[in-house]
Each structure stands twice: as structure tokens, then as C-alpha cells.
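Scrolling down, you'll hit the structures one after another.
Look for chain A in each of the two complexes below; its partner is chain B in the first and chain C in the second.
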Partner chain A sequence: MRTYGGALAFFAAAGLAPLLVGDAFLRDSLVLILIWGSAAGAWNIAGGYAGQISLGHSAFFGLGAYAAALCGVRWNISPWWGLLIGGALASAAGMVIGFLSNRLRGPYFVIATIAVSQVLLLGASRWRGFTAGSEGIPVPFRPGFWSLGIADKRIWVWIVLALALVVYLAQVYLERSRRGLQLAAVREDEDAALSLGVAARRLKVVAIAVSAAFSAVCGALWAQYVGFVDPLYVFSVDLSLRFALAAIIGGLGTALGLGSHLIGLYLILYGIALIVMVRYAPQGLVGWLRGR
Partner chain B sequence: MSLLSVRGVTKRFGGIAANRGITFDVAAGELVGIIGPNGAGKSTLFDCISGFYAPDEGEVELDGARLTRLSPDNVCRRGVARTFQKLRPFQGMTVAENVMVGALTRTRDVKHAREQAHEWLRRVGLLEKANAHGRTLSTGQRKRLELARALATQPRLLLLDEVTGGVDQRSIPGLVELVRELHAGGLTLLVIEHNMRVVTAVAQRIVAMHMGELIADGAPDAVARERKVVEAYLGQAYLR
Partner chain C sequence: MRVVNFAHGEFLMLGMYAAFWAFTLLHADPYLTLVVALPLFFAVGWGSYALIMRPIVHTSHNVQVFTTVGLSIVLQNLALVLWSGDARFVRTSYYGSVISIGGAVLNLAQAVAFALAVAATAALFAFMRWSYTGKLMRATAQDRSAAALMGIDTGRIYALTWAVGITCAAAAGVLLAPIYAVYPTVGLQFVLIAYIAVVLGGLGDMAGALIAALIVAAVEVIGSYTVGTAWKELLYLLLFIAILVVRPAGLFGERGSETLGV
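Showing the complex of A and B:
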């Protein structure tokens, strides 16, 4: 049985860091690392464990971001509701995509997911009356925990740390449970899995829906933290690519891979890292370390 | 009372009928062999029975309940397991995990599934490979793995697609013995097999196919002497 010592140390260090580190930039970096790491972990549930490689996960992230922002701007309710609404919307969208693209495998599924994120991008940037169009929405800052107007970055670290922990535990569940084994079988060979009684289609749809919901929660918290939602950013293929690359470099279908997200110069680093990884460690960093 | 009943199954791909009006029964506890040259439609018939294809015409029934148009996973849960001609182990998973996937169709408990998996691996003689990865196995070992995995779903009927195909000569007797044991244990089997020596040794009855049609159905030595079967395998020059 695999040990989870590394993960425990990582989460403990991240939880204690804001108490020991006073520097605003480092705290800010930690919050973003945890959000992007969680988003990569959320992507990994569909892409890594279920083998449903998506390059349209920004669709779900964006839905979450918009849900949180619109809660404050249009309906004047707590952005916490945005997490819930965004999560529900994204998982419904994920279910529809999963259901419609059930028979699509490989590149066709990837293309379908890109298409969905682009449709949402067009919708969000044209529907001026509701989404404020391509100018984007500034998220109102209303002080208080219930309104997620938190200036103290330490609190933010702990909020997103809780999110990262939940996403991590979801992945641990997928490594050890009945559903996880069945999902892995679907990823390895769908026909063989079907022949052994695994309800492959339903499992894939559920995996995509859960992955989408987590992505939306990441998006909602990100929007509240950063304070501005720009459709061209939150629905971009670029962002989708980030989630996918972070998870691939960390290790597809491994729970700890989410810690591998770094900020700054990321495209160049990713490009080089991706080439190196695919050439020398196609099983990902975590898989490579486990193989030592 | 027949366990499996295939009634007039026809499956067309464009203008070609891979199966045409196939009708036969398999009684509970029987071991039936299917023979036929390449392209006779044997694997297509397996796909029609196991739910991977919906036949264009005809019905497949298991113990009186219709299987036709059920999805493959549903067919498996009803009690029909199969192996594939082209072996498809879950490469990235361990041998034990491969078998656990089968066992988890009948139990929700992962620990219980692991125990069952080890038991099946012991039965097929693959226990020492339990923690190896699927990709590291030889062809003969992969056949055993597929068998263990299918058996773990606790089938009433097992469809075996080429048990000895591509396996080295030394491994064949062991596999044949395994099939015999399973049959002796009460399992009903439908076995596609190219090796005539193997199929006549294990099968109680043989169904022969040629060009998508069923051309003979009967006792092994009678089918082997059947005019149409000899013609299909060897051509007219060998007919006397």
C-alpha cells in the first residue's frame, strides 16, 4: 500500500507557512499555487483517472468564476453561493458534455471540450446585459468572511488549502476504492472493462461531472481572491492547457501530482518540462519518484 | 433446457453479412466448440452474444431472458463473461488489480475482491505474478490472466475466444487442462478454437461456421468428417 507521508508533509507545511512567512508576495504565491494545484487536481480526476483528456476545463473554471462574481454584482448574495451554483452548473455542463461525447475517444473528445469552452467564451463576452461582456466584471469587495471579502492572506491560504485537501482526498479515494479501480480499467481499455461488467459510460460521465464541479469551485475562489473576471482569460484554451500540463507533469492519475504547479515563466518551463517528461518519465514526476 | 439460445442472428457490415441466420443452443453444463476458417464470423458472433454488437436480426437469450440490445456490461452482470482474441490486459494495473476489476462486479468490498482475485490467480496458476504489471506477462500468462479476470465475474456462461492461439506449444496442455477443470466444475463454455486437436479433445459438441453461416452442428468427430467442413478448411481438391 502506498504511503501518504509526502502529501501529509506538503499540506502541513502549506498550512504552517503563512504563520512563519510574513512576506506578502510569498503568501500570495502560496494562495495561487494552491488554487492552480487544486484546479490541476480537479482536471486529473477526469483526465488522469478516467482518461478523459480535456483541453476545455477552463469552461468549468470560468463558470465558477462567473457564478461567484455575478452573485455579488447581480443578485447581491454571498459568493459562497457562487461556489455552489458554479459547481452545480459546471457539473451539469460536464454531464452533458460527458454524455454527448461518450462515444468520442482520443482527439475527438479533446476537440469537443475545446469547442465547449469557446462557446462559453463567446457567450460570456457577447451577453453584455448579464455578464458585462468582454470588459469583464470587477468583483465587489465587501469585508467579511460570509461575503468572502478577506484582506488577510493567511485566511485565504487556509481556505484554498481546505479546497486542495478535498481535491487530494477525492484522488486518494480514486486510488483505493472500487470506483477508482473500475475507472482505471475504463481508462486502460474500455471494451475490456465493459466485458467485465463495468458500467463504463456512466462512470466516465460521473468522473467528468465531479471534475467539473471541483474546477468551478477553484474558479469561484480564484475570482474572489483576484477580484476581477475577464472572459477572455477564464474561458481561454491557454488556461485549459495549464490545468492539463500541470497534471501531466505532476503525474497523470496520481494524487500528489497537484503540488507540481509553479508560477512565472510557466509556458517556457512547461514546454521544456513536457518534452523532458514525455521523453524520460512518461508516467509523471510522482510515478518516476515511486519507481526509484 | 438450454442455457444459451441463439436464434437467427444476422449481423451485416455494409453489404457483407458477417453472421447470417445463426441458430444453435448451448445446454447448461455443456462445452461447445466453435470452429471455422479465418473470417468465418466466429468473433462477430461472440460480439453479438456479449452485447458489443446489436444483431440486425435475431435474438440471443440466456436462460429464457433476452440479451440482445443490452450493453456489454449488462450482459456480463447477467452472467456471460468473455475473453478477447486480441488480448487486452489492463497494462498499467497489476495482475491482481486486473482480476479485482472482474470481482468488483459481484462485490462492493475491495478487500473481499482482492481475496477473490488471489484465489482465481491461484486457480489459473498465476499467483506468483499477482503484483507484476499486466504489460510484463508472456502471451500464455496473459491468456491465463484474461481467464481469471473473466471468471472473477462469476459467469454462468463463459465465452473463450481462442484459448491456445499464439501460445507456445508447451503451454497448451496446461490451458486445455484448465478449461477441462472449469467444465468439470459445472461451468458452461462456448469456445472458439483453431487447433482441431484441442477442440476435439475438450468439446462435447462442435458448431462449424463458414462465410458467416453455420454449416455443421454435432459430435466432434462427425463434424470433422462433414463434407462441408472439410471443403471449407481444405478446399474441394481434398474431397473424395
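Showing the complex of A and C:
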């Protein structure tokens, strides 16, 4: 229980904070922190637990964002459907990447994931008739819970808190369950895991698909919250890096790393921190603190 | 070296900025800058190896990937802070002048860049193939411990290989400066094509990479002619992903090299 105490306290504090804090800026920050934290957690399922380092996760995030935005703009249906559609599309894309992960290792896989996100970026910014091209889509604001047009930031905090909780529980599951341990075995030594009868390939594909689906849900909620989808942003390598950095600085394969991107460091310091981290504390801050 | 440098594009970007600043402040022609830039970036490469790469060169791929990614973020944002995000141009006096070779009309800067790039590639190829140091580099890449046992100073060879790679990237940047605009994130679009060419050709296979680069260029040109210029990048990225699915070792690479993670 001790290991989860910190996380429980964090979630409880985040859930109560909007009741205590009236400041719109702080509430806004909290919503975005929870969205980015969930996205980092989603990345961590593939990158940390399955060991499939991807720098193309913005592909899934962007799919979710576009699915939610297009549901409102093109078909006039609830963006909640966008969550589902985006999640399904991203899982399908995740399976493609998962398939690649069975054929490629190390830097090859990383380059392939960047290529996939670039394909979606180019597709979204060039297919003007459907995605409105590189100028992006403003998401229409329709008041009501069902259409996710919510002006009250407190409700937003609770919606994204629910998402963060689900992502966190998925990570706890991976830390405690038999499947999670099998996945860790695949990450540490795939050949050894295969020889012990672990279905390594299927596990990796499923892990990446789940990670992709969560990323898409983050993207869909982000699009509805921020109100604008820009292909050059939602599919960018920078965004993929942000997910990866938050998870790594927090600690690869540790569920508590979730809130770590609270460190609002400037990007140069981020880069230096990354170089220093992987050199001296490859377990991340949480791992480093636990080792003390 | 068996290390994929994700900051490669950023060194190319630095090369472009070097050409831009030399041109703007000193009115130096980019091709003159090249003479100074080569030793300068060799030193930068050697320094960056000693400072950042040496401690992690024998660690896992993930550590290497993220160290070079971190380096790339630092360099990109350093350029952003120092020189702002504006797109900048090198406007030489001969900008826009063309030459005609056998009926084909070429932009002068592009033609010179092409000629120098071919010369540099040939020189690098000859260096790797026939020089003693090139032989040491290839031996170290093939089997580090065996090379060390033969008395090769593998640490020095790694530093040298890294520095040569950085120098080539920066030289490409200087040559590209008169043709393309310079901005802090310019590296990605060029380096993505470079990765694709290298993976298509098979990692560590220079002739393969050269042929693959020609294939990428052909796909780009034919694609923009038939499908439309808007979709040309999409075409070679899709080709790249398709090749990775069908033949991950690349067109000319040794089968299985990619799953070893080389």
C-alpha cells in the first residue's frame, strides 16, 4: 500500500483542488497537466513497460484529436464518439507499429515510428477536403456534457482525472499482473522470454495498441478542451518527444512517473536533463529516489 | 559505430547557420566558409564525442537514442534562443543564376552542391575503402573486441568516426544554405531523408545508401510529377515503411542485421 500512497494522495489532491482553488489559470494548468500526464503514462505502457521506445506517439494523439474534432465538424455527432473512433483508429495504427516492432529493434524502430507520425502529419495537412489542411480545424463549442462543450473547468478536471486514473491503473496492472511481468521479461530479453514460452510478439502488439488507444483518448479530450486542432502540432515529433521525456524523467516503467512533467523546465534544460538522466539515473527520478 | 545519431540534423542546421552568419557578418561566400567549417565542425564533433558520447557509447540502444535526442533538443533550442525562429536566407550575388548542361537547366547553387556532394561522397568512400584509418574504422564497426585485441585504439576510432560524421552533416548544411531557408528545426526534414536512404541501403553500407538516395530522389520526382507535389514526401515515407515491413535489412543490407539491432 505504501508504494501507492503517493499516487493516491496525488489523485485525491487533484480531485479536490478545483473545489478549493478558484483561480482559472491554476484550474487550466491542472487540466493540461493531467492530460499531458496521461499521455506520458500512455507512452510509458509501450515505451517503459514493453520497452518499445517510440518517438511517433503524436501519431495516435493526433488521430484522437482529429477524430473528436471531425465528429463535430463533419458529421455533427458527439465528440464522445470521437473518443471511441479515435481510440479504435489509433489501436489499428498501433497494431501496424506493433507489427513493425516485431521486425525492427533499437534505432530502426524509433525511425519507423517517426516515419509513421510524419505520414499522418503530411496526410492531415494535405487532405484539404476532409481535414481542412494545414490551417487546422477550430472545434465548435456546443454547450452540454454530451457535446463536451463544458465551460466549467472543474468538470474538465474531473473528466481528465478519470482518464489519468484509468491510465495509472493500467500501469499498476502491468506492475503486478502475470502479463505485466511477462511484458517486462520481453523488454529485458526478448529471446529468453520467447524460449520460456512467453507470447512475446502478441504481448508487444497488444501493449502498443493499448498505449495508442490511451494516447488517442488524451488527444480527443485535449482537442475538445483547447478547441483547435493544428496538424503541424498534434502530429509533431516535438509532441512525441514531450510524452517520452515526461515518462523518462519520471522513470521508465514506473507508474508514479505520471505527474513528473510538473517540472516546468525550459527545453534546453530539458535536453541537458535528459542527457544527464540517462547517463546517471536511467531508472528515472522515481527509481533514483527509491534506490536512495 | 553502430550508434544512430538523432542529433545529426541539428549539426546540419548548425552548418547552415555557420554559412548564414559568415555570409551576413563577414560577407563570406558559403563555398569559402566550407574551408573553415570543415576543421571547425571536426573539432565540434570531437568535442561533443568526448563530452557526451564517450560515456554511453557501450551502453544500451535506448540510452544512446535518448542521449542523442537530448543533444538534438539542446542544439535546436540553443539556436532558437540565440538566433530566433525566423527563417533566414543566404542571398548570394549569383542567387537565381542558372547553368544549362546538355539542355537541362539547373540552379547554379544546386549544381555546385550536387558536384561537391558527389566529390565528398567519393572521397569518403575512398577513405573508408582504401585508407589505413578507414580500414581501422570498418574493423572496429565489425567487431569491437576483436579490433581492440588487434591493438586498435577503438576509443580514438569511435571519436574519429563520430567527428567525421558530424563534419559531413555540417558540410551538407553549408552547401544547402544557399538553396534553402535556415531555421532551428530545419534539420528534421533533411535528416529524415538521410535516415530513409541509409536504412533502405542497409546500415553501414555506403554504396547501398548512395543507390537508395537516388531511389528516394526518383520516387520524389516521379511522385510529384504524377500524383502532385503536395504528396511527394508522403510517397517516399510510405515506401520507407513498406520496405521496413517487407525487407527490414534494407535493399542491400545483410538479412537479419536489423533484428540484431546492430
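For the reader, a short list of remarks on this structure follows.
In the analysis below, the second predicted complex is superposed on the first by the 282 of 292 C-alpha atoms of A that agree within 3 Å, B and C clash if a C-alpha of one lies under 4 Å from a C-alpha of the other, contacts with A are read in each partner's own complex, and residues count from 1 in each chain.
Note that a residue touches a chain if its C-beta (ideal position, glycine included) is under 8 Å from a C-beta of that chain, and two chains touch if they have at least 3 such contacts.
As the structure is a prediction and not an experimental result, all values here were calculated from the model.
Upon superposition of the two complexes on chain A, no clash is found between chain B and chain C, which fit side by side.
In the superposition on chain A, contact of A:Arg142 is made with neither chain B nor chain C.
With both structures placed on the common chain, the touch criterion links A:Arg74 to neither chain B nor chain C. Once the two complexes are overlaid on the shared chain, A:Leu241 sits against chain C while remaining clear of chain B. Of the two partner chains placed by superposition, only chain B is touched by A:Arg176; chain C is not. Of the two partners chain B and chain C, it is C that touches the larger number of chain A residues. When the two structures are aligned on the shared chain, A:Arg126 is found in touch with chain C, with no touch to chain B. When the two structures are aligned on the shared chain, A:Ile272 is found in touch with chain C, with no touch to chain B. With both structures placed on the common chain, the touch criterion links A:Glu188 to chain B but leaves chain C unconnected.
The gap separating chain B from chain C at its narrowest, counted between C-alpha atoms of the superposed chains, is 10 angstrom. Once both structures are placed on chain A, no chain A residue is touched by chain B and, in the other complex, by chain C.
Per the touch definition, chain A reaches chain B in the complex via residues 176-178, 181-182, 184-185, 188-189, 191-201. The part of chain C that touches chain A in the complex is made up of residues 4, 6, 52, 55-56, 61-67, 69-74, 76-78, 81, 188, 192, 195-196, 199, 203, 230-231, 233-234, 237-238, 240-241, 244-245, 248, 258-262.
Across the complex, chain C is touched by residues 51, 53, 55, 99-100, 103-108, 110-112, 114-116, 118-119, 122-123, 126, 237, 241, 244, 248, 266-268, 270-275, 278-279, 282 of chain A. Residues of chain B touching chain A in their complex: 50-52, 71-73, 76-77, 81-82, 84, 88-93, 97-98, 100-102, 104-105, 108-110, 113, 134, 149-150, 152-153.
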